[in-house]
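What follows are several structures.
Each of the next two complexes has subunit A plus one other chain: subunit B in the first, subunit C in the second.
Up next is the complex of A and B:
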């Protein structure tokens, strides 16, 4: 019974199926709103779902120079790690899985999602993929530092000198003391996390690794059919996970009592966060160069996160 | 289980890959005009893809010069099934004003299978949209034929 419940958690509710559906829904909202911002009608909200199923029905070509096992295994490894991350993110009152160091586990599993892209791209043997993965690595290095600082400041704020890395503890703290976004020492950290989300998901100003018009989607260039569909799904799932992480770290504390209501409010809040940090920034900016991206994250965003950390450490 | 959904999706999300085989750039501009807010091809799910591996519909413009012929054939061979080929303008169909030139090898039908041909010099964006939409419907038929 316990195993069955665990499987349901991994495969359906907050795991793979839920994350994938919400992610595709958020990606659809993103495309629709951007179209409206550009005075277009835009694709229907279920367009990413059509894209995914179309790619599932296409022929999957493995290039002659590629290592077949790594080439096809990378998107699946990314999918599994991202499905597991969602187990650790509480949906307001509901947590599927909670330990003492959830934040660290989330950090590592999110990295696996990015590493899958790098490994898959490098196994394809295309020079465009080579440029793409080198950029992806630099992007990961640039946003990991402020990301860790943000997580540290949240842990310090919630747990005091013992540092709370448990998502459950963070959710309980917010239920008792109100959302962390409304305590002013956490506002710089919240802004920093909002700026990290587009880089993690690979959206417009920070999509140097997958620059479509420049290096033809970089690591994904040789992918086709189902494997490409999995990577597109991974991107959508990352959208759900990152906005969900923001929601539970900074906007937690809502308790309706039933899981279904919690999940609906959770998805709605995720959609709002997507509109703020992904869609709006995407619509008003052009792509950065990789060195500018690196500089931006290590100065502005890290600075914001560090400011929050110092404020929290001083006990504010 | 998802067979029906996959078949339906085949016509709902056609990604384009554009090959210029010596075109004068007129048709290329009109193709881009289809994606602008005025015609907004994205409302049918059309999207320009950067790599032939991602494409469903290959759009050819230009009279197929001797230099571009082999590259054209090779690029189309890299597109995964089901795929459609659409030609834009009179050049790929007949050679248009370049007919008879020593370096022009039109019509393109001699080298690749063409599903939809949009004539005109240059065709209007409305005509291109109709051609692309017809190709999207053909994609669905090809997808259904794949699992028969």
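Up next is the complex of A and C:
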């Protein structure tokens, strides 16, 4: 029974299936809204799902230069790690595993998602992928600093000293004291996290790693069929995870009591966050260069996060 | 019976060293047999001590020539093995055992192997002796043997470029470290009239005189040199790169850990200085600087083994920072990370050795695409790289998790913003480590194979076995760390925090209490880990994913196609419609987008790493002076 419950949590809710569906849904909304912003009609919201299932039915070609095991294993490893991350993010009142949710674990499992893309691209042996992974890694280094600062300021604000990085504690704190977004010292950190989300999911203007027009999707260049579909799914899942992380870090505290209502509100809030930080920014900006991206994150975004951390540290 | 094991393990290693030189310089079988016998014996004897020391909490003591203490004064040399010693002892013997297996395959192209194994066994005996001894002067003697065996082994391939230079640097800087330990020991002896560490600890618990503070500073600096914390790290890069890889693995895996052991033994047990926040801060700052400088310098390296050497430095920074926290969580995390570093860095060095063995180079710009030719090495390397970058399910994640928790808890409880900065540094360094290993992966194992490496093969089994053992341990220690911590880490951490037992066993019951050392047991550390049950889930998902893949594989339309003997056009790599050509995206400058933004930093630090021994000597001396002065001013 216990194991069955585990499997339900891991595979269906809030694990793999839920994350994948919400992610694809968010990706669909993103495409639809951005089309309207650009005076186009755009695809139906279900389009990313169609794309995914279509790719799953295509043949997967492993290039002659590639290392087959790593080439095919990487998307699966990324999928597994991203499905695990969602288990650690509380959906308002509901947490899959009480007492184990932890910011550091989230940070590292998200990293695995990126590493899977990098190692997979690297193993394909394409020079385009080589450039792509270089950029992807630098992007990762760029947003990691502000990301860490944001997480630390949240941890300090919530301030338990025994389990410093507990997600549950953050959820409980917000249930008792209101959402963190509404305490003014946390606002810079919230903005910083909003700016980190597009880089984490690889959206413009931070999509240097996959820049279709210059390096033909970089790490993904040699991928096809089911493996490509998995990577596309991973990107969508990241969208769900990152917006969900924002929701539970800064907009938590809503507790209806039933899991279904919580989940519906959660998805709705995630959609709003997606519109704010992914769609809008995507619509109004052009792609940066990699060195500018790095500089932007280590100065502006880190500065915002650091400001928040210092304010919180002084007890404000 | 049991109390003879530590001294036998050490003595037989030394004995084998002489026997190898006498009987084995010509005969391969005798040489390898003796070496394996001695290292296996040491490993078995150390493992046999787990039950009494780790599980039953005993402390094993042994007086050489039965020179037991007379009226409360220790005269003879004593061996004393508590859980902390044994923890490091297990690491030492396991590392040397694996390295001796690997050497059989790896060194078979070299000459004068009698000398190699003699030095190798001397090194192993001295490190094991350093860890097991209870006498501070004996410790110094072991440091000396260790340093000189290391120097000679660094220069073993003295026909290769840079080996003699590296040995010279090692010799100079290492001697400064040994000298400052010796000076510290001499000062301590003048103050306390004893050299036994247990007795020193009980005498020094009465309060530190100014002289013993200086002695403390010198000893800390000396062990700092041995563990290569920045700015003492300068010879490490050259030495690890120049030494034969089986030795580099031992250097990085254990010889610098001996310095860490000495540091913990001195700071926690002999001087019990962890109550002073100045000592904590000093070590924390040195640790943070070490991990940062190590990893940033590693990012610019063009040479596989040099890069690994800088990562060794960086990881030791983690250990020192964790140890400096003075909390049970920090100490446990530090010990765990020391152990994990031995495993994954050993593994990575062995992979580098495998590459060197087959291709004859470790230059990142001259390699590429080896994963097709050496698939097993590639998998081992990826496991090691994942572990050192701290990715879950590997062991590096578990220990780094504990270290982050430890540092940030310290920041919250002490209210000191410095520890927040250190937390951020530790987390960022981890990402940079990842970046650095992505670079190696791309430059060595993936990308395109060079023509001159077309006939490269997988390394022989005798080299693969140690790699597999270490890779397996990396995964096992990452998944069953509750067991590892119960039987290895918690006893070792408790032994460092409860000094009374250590003193009593050596000097007779009631000695510690009479000297005013608290004998009260610090409560065994308990804290909730990240739940290992989650691994069950992981396997559940892997199963799920495997099912998906199998279903897709049987699906006629979505099957996986791989190139056959004669590749068709669709398996070729995309070149914008041009014909396929050689185009390896080189490893050494993969992250220019990052380096461009940091060019000021790199300019300064590349100039500082000038390669000139005089410069390095002056850093060492200046840093020693700073440590002594800081401690002298703030500690009292």
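As a working rule, the second predicted complex is superposed on the first by the 307 of 316 C-alpha atoms of A that agree within 3 Å, B and C clash if a C-alpha of one lies under 4 Å from a C-alpha of the other, contacts with A are read in each partner's own complex, and residues count from 1 in each chain.
Operating definition for what follows: contacts are C-beta pairs under 8 Å (C-beta built on N, C-alpha and C of every residue); 3 or more make two chains touch, one makes a residue touch a chain.
Everything numeric in this text was worked out from a predicted model, so none of it was measured.
Chemist: Please work out whether A:204 is in contact with subunit B alone, subunit C alone, both, or neither, and reply first, second, both or neither.
Modeler: After superposing on A, A:204 lies clear of both subunit B and subunit C.
Chemist: Identify the partner contact of A:6: answer first if only subunit B is touched, second if only subunit C is, both if each is, neither if none is.
Modeler: In the superposition, A:6 contacts subunit C only.
Chemist: Look at A:59 in the shared chain and tell me whether it touches subunit B only, subunit C only, both, or neither; answer first, second, both or neither.
Modeler: both
Chemist: Looking at the overlay, what does A:216 touch: subunit B (first), subunit C (second), both, or neither?
Modeler: Touch status of A:216: both partners.
Chemist: Regarding the shared-chain residue A:145, is it in contact with subunit B (first), subunit C (second), both, or neither?
Modeler: In the superposition, A:145 touches subunit C alone.
Chemist: Is A:295 touching the first partner subunit B, the second partner subunit C, both, or neither of them?
Modeler: Only subunit C is touched by A:295; subunit B is not.
Chemist: Counting only touches as set out at the top, which of subunit B and subunit C does A:179 meet: first, second, both, neither?
Modeler: neither
Chemist: Of the two partner chains, subunit B (first) and subunit C (second), which one does A:112 touch, if any: first, second, both, or neither?
Modeler: After superposing on A, A:112 lies in contact with subunit C but is clear of subunit B.
Chemist: In the overlaid three-chain picture, which partner chain does A:104 touch, first (subunit B) or second (subunit C), both, or neither?
Modeler: Once the two structures are laid over each other on A, A:104 reaches subunit C alone.
Chemist: Looking only at contacts as defined up top, I'd like to know whether subunit B or subunit C touches more of subunit A.
Modeler: C
Chemist: Across the two complexes, find the residues of subunit A that touch subunit B and also touch subunit C.
Modeler: Comparing the two interfaces on subunit A, one with subunit B and one with subunit C, the shared residues are 56-61, 216, 221-222, 225.
Chemist: Which stretch or stretches of subunit C touch subunit A in the complex?
Modeler: 369, 371-372, 375, 378-379, 382, 386, 389-392, 397, 401, 404-405, 408-409, 412-413, 417, 420, 423-424, 427-428, 431-432, 434-435, 438, 441-442, 445-448, 528, 530-531, 534, 536-538, 540-542, 544-545, 549, 552, 555, 557-563, 567, 570-575, 583-585, 590-594, 596-597
Chemist: In the complex, go through subunit B and note every residue touching subunit A.
Modeler: Residues 2, 5-10, 12-13, 37, 40, 42-45, 50-51, 53-54, 56, 78, 80-82, 143, 146 of subunit B touch subunit A in their complex.
Chemist: Would you tell me which residues of subunit A are touching subunit C in their complex?
Modeler: These residues of subunit A touch subunit C: 3, 6-7, 9-11, 15-16, 56-65, 67-70, 72, 76, 79-81, 83-84, 87, 97, 99-100, 102, 104-105, 107-109, 111-112, 115, 118-119, 122-131, 133-135, 137-138, 140-141, 144-145, 148-149, 152, 155-156, 159, 161-165, 216, 221-222, 225-226, 289-291, 293-295, 298, 309, 313.
Chemist: In the complex formed with subunit B, which residues of subunit A make contact?
Modeler: 31, 35, 38-43, 47, 49-54, 56-61, 212-213, 215-217, 220-225, 228
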